[in-house]
Amino acid sequence: MINKIVQSMADALAGVKDGSTVLIGGFGKVGQPDALIEALIEQGATDLTCVCNNAGTGRAGLARLMELGRVRKIICSFPRSEGSVVFEDLYKQGKLELEIVPQGTMAERMRAAGAGVPAFYTATSHGTLLARGKEEREFNGKMYVMEHALKGDVALVEAWEGDRWGNLAYRDSGRNFNPVMAMAAEMTIAQVAHLRDLGEIDPEKVHTPGIFVQRVVHFDRGTPWT
Amino acid sequence: MPFNRDQMAARAADDIPEGWVVNLGVGMPTNISNKVPLEREVIFQSENGVLGIGPAPAPGHENPWLINAGKGLITLRPGGSYCHHADSFAMIRGGHIDLCVLGGFEVAENGDLANWATSENDTAPAVGGAMDLGAGAKRLWVLMDHTTKDGRPKLVEACGYPLTALGTVNRIYTNLGVFEVQRGLGFVVLDLAPGVTFEEAQSKSAAKLHRPS
Amino acid sequence: MINKIVQSMADALAGVKDGSTVLIGGFGKVGQPDALIEALIEQGATDLTCVCNNAGTGRAGLARLMELGRVRKIICSFPRSEGSVVFEDLYKQGKLELEIVPQGTMAERMRAAGAGVPAFYTATSHGTLLARGKEEREFNGKMYVMEHALKGDVALVEAWEGDRWGNLAYRDSGRNFNPVMAMAAEMTIAQVAHLRDLGEIDPEKVHTPGIFVQRVVHFDRGTPWT
Amino acid sequence: MPFNRDQMAARAADDIPEGWVVNLGVGMPTNISNKVPLEREVIFQSENGVLGIGPAPAPGHENPWLINAGKGLITLRPGGSYCHHADSFAMIRGGHIDLCVLGGFEVAENGDLANWATSENDTAPAVGGAMDLGAGAKRLWVLMDHTTKDGRPKLVEACGYPLTALGTVNRIYTNLGVFEVQRGLGFVVLDLAPGVTFEEAQSKSAAKLHRPS
């Protein structure tokens, strides 16, 4: 019997190595795998590259991981936002590398990694600072920038429901980056608010098929704090 | 008297026809959705995977799982749907969004937009989806004050700030009026706020304004 | 009120121009927009490039369109199959151009067109006849082929249900090529077995959001012939 | 006695561990799914967007909307799901399929596979998903007769037919036995059908066979 469900947060994060690239789902607090991030803090892996839409706020979660000196590099579209105090401190001190990526390019680079596409072209960022050093190319009279796949060693995602095959379904705007990150990582770990029996999730609305998920852990965090 | 912010949003909203799919940037542009009557079906998209945003939630009826790109609580109207980030930006990058309205630091007379970083040395500017929207939407409008707080013009010959997108702005809504970017010509005045003269708008712009032909 | 529902097959196909590239959904008979293909035959557009997984079977549908001399070129992954007699005749006589594309590359080229990606790289077909004349490039020690977006002027798709905003949901394996073709065409015309009121399709299982669909026409063809 | 087709499929099925996601090519390989007991959960994928194929439908309970890549009627087991063609091939191209089993015209000792066209001048060969699967699956096995109907060997030093994929075949299941492709070495005999000798298998192959070390 295939059973990807693990019983503890420690089991969920077991084996994450130093130097890993960790994709962290969520947009705002919605679909953000808080419990898994806490578990990663506990687990101890360091020298991490974190890919996340923002660079953490307040002093908990990703910000805490950064404050502990465990993050070498952040890849994100929106580093500086209200409350991103830890990021700003560390960045000013030169203790954190930063790669800013347009949000759609970031999503597409992960989708490409998951889909076996090593590189693709996009008009996004052409002619801007974010295209510096990148290959440019003309197609049909328009200029494009070449972007590379962005792969993760680990993805941390949050879903509304999940089953023992690793199938996931999200709720409302909680879907966001989670499905593309699940595709793009060697090991995808899902925190799910509800465990379902196999077959209980409508096959027409499985948003992330189990093929992309290695571990499922139950954690009902309740309402996302907004 | 120049438009106030509410009037600016309403002025832009008036120009959006039924049936368009529209993405509104965080900040001032978000207010535009409040000015489009529900009966005029405009489909608002948010880049975090929401298509068909409805009116603001009634107090006590908020759904914490449902937010827009600005992290504000929203609703979904009947006919709305959800998708993931790559699919959402496929809509944007693929030219399926009829209109995007963004805020701006500067717009140049060739349609360049600067709205994400204040200098090349800006340590960590946040770009979000602005470059994707600036390059991908069918039409790009900018909603912004005509000048900075200290009076510097934001309609310029060439952007001084780092660019967000090149040559894609079609129209600018400011407190002074509505301006079209015509390729090869520059800024054309489409409309002025009540009591605002062409000369006043010109004096507060750093690029030539043209009267409509 | 947005209303993409049209009342007749003639209205559904109105305006399709000579020389158009027409994407035709379905895999086998499942999800195949038979009524729209018949309507295209009626409509009269000619000099067409048709993109479809196969090159028609029997003497009806796509095969009929070809037999009438209305198809200049076929782009497909599986031209010759049981019953593809019309295709084989025309092709032998030199009356039909053929571009064979690996099935996944064909799907991805259309997805790219829909997603604003003019070109991408794939390992598929590298070193084979189907990569001849295509640009090759190495990424991380592995060879890839550059493939271009494949755009349609028109897409004909079939869905299980649809509404007046153009939202579509498919049934079982009827999804197949339909969602990517819907994304990739200037004008997507959907034949739906069931019309739904706005909001009746669960927002979590709208497979093709209305943004990708221009016209919806009701046609319950019943069971796909298999 | 060489394996018959059913035995060949069963032999391959025996080597598939629980938990693998497996794509079976049209024709002989499809039969493999019948030889894996339901209790051993192997997840069969079909490139037309079906993940988690179940046993053949009971007569009278066929679902005409549910077919596999060979257009045969199938079922979905609990835990199965549907997706569109681009997502399905993302699974394949992205290396998420643990195993693909295809039929073959020829396999070369460097792992090249030819299985889609019989000559460069073949007027309209049908490739389907073979090249995507051949390049993208984590493991590629080939299930085929050891020789052609007229006795020509199909295990060869270099493929004469146009290639499907380069250097990706890991293993071949034939009526004579099971052969592994070892990089830098060539074909290694893993198993032989009852009564088939190494010498017989070698005599029916056009490349050197190696005994396992």
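The letters A, B, C and D name the chains in turn, as written, and every chain counts its residues from 1.
Note that in this section a residue touches a chain if its C-beta (ideal position, glycine included) is under 8 Å from a C-beta of that chain, and two chains touch if they have at least 3 such contacts.
For clarity, every value in this text was computed on a predicted model and none was experimentally measured.
Note on interfaces B-C and A-B: more C-beta pairs are in contact across A-B. Averaged C-alpha coordinates put the centre of chain A at 35 Å from the centre of chain D. If you average the Cα atoms of chain A and of chain B, the two centres end up 28 Å apart. Separating the centre of chain B from that of chain D, both taken as means of CA atoms, is a distance of 54 Å. In chain B, the positions touching at least two other chains are 76, 82-83, 86, 89-90, 92-93, 136. Shared contact sites, meaning residues of chain A that touch two or more other chains, fall at 108, 111, 115-117, 122-123, 170-171, 204, 207. Chain contact topology: the protein chains form a pattern that is neither a line, a ring, a star nor a complete graph. This structure has the following touching chain pairs: A-B, A-C, A-D, B-C, C-D.
Of all residues in chain D, those touching chain C in their complex are 46-50, 63-68, 71, 73, 76, 82-86, 88-90, 92-93, 117, 120, 123-132, 135-136, 162-166. By the touch criterion stated above, chain A contacts chain D in their complex at residues 1-2, 111, 113-117, 163-165, 167, 183, 197-199, 201, 203-204, 206, 209-212. The residues of chain D lying in touch with chain A in their complex are 18-19, 21, 39, 41, 43, 45, 51-52, 76-83, 86, 89-97, 136. The touching residues of chain A, when paired with chain B in their complex, are 27-28, 30, 54-55, 77-81, 87-88, 91-92, 98, 100-105, 107-108, 110-111, 122-130, 170-180, 207, 223-226. Across the complex, chain A is touched by residues 108, 112, 115-123, 137, 139-140, 142, 144, 148, 169-171, 202, 204-205, 207 of chain C.
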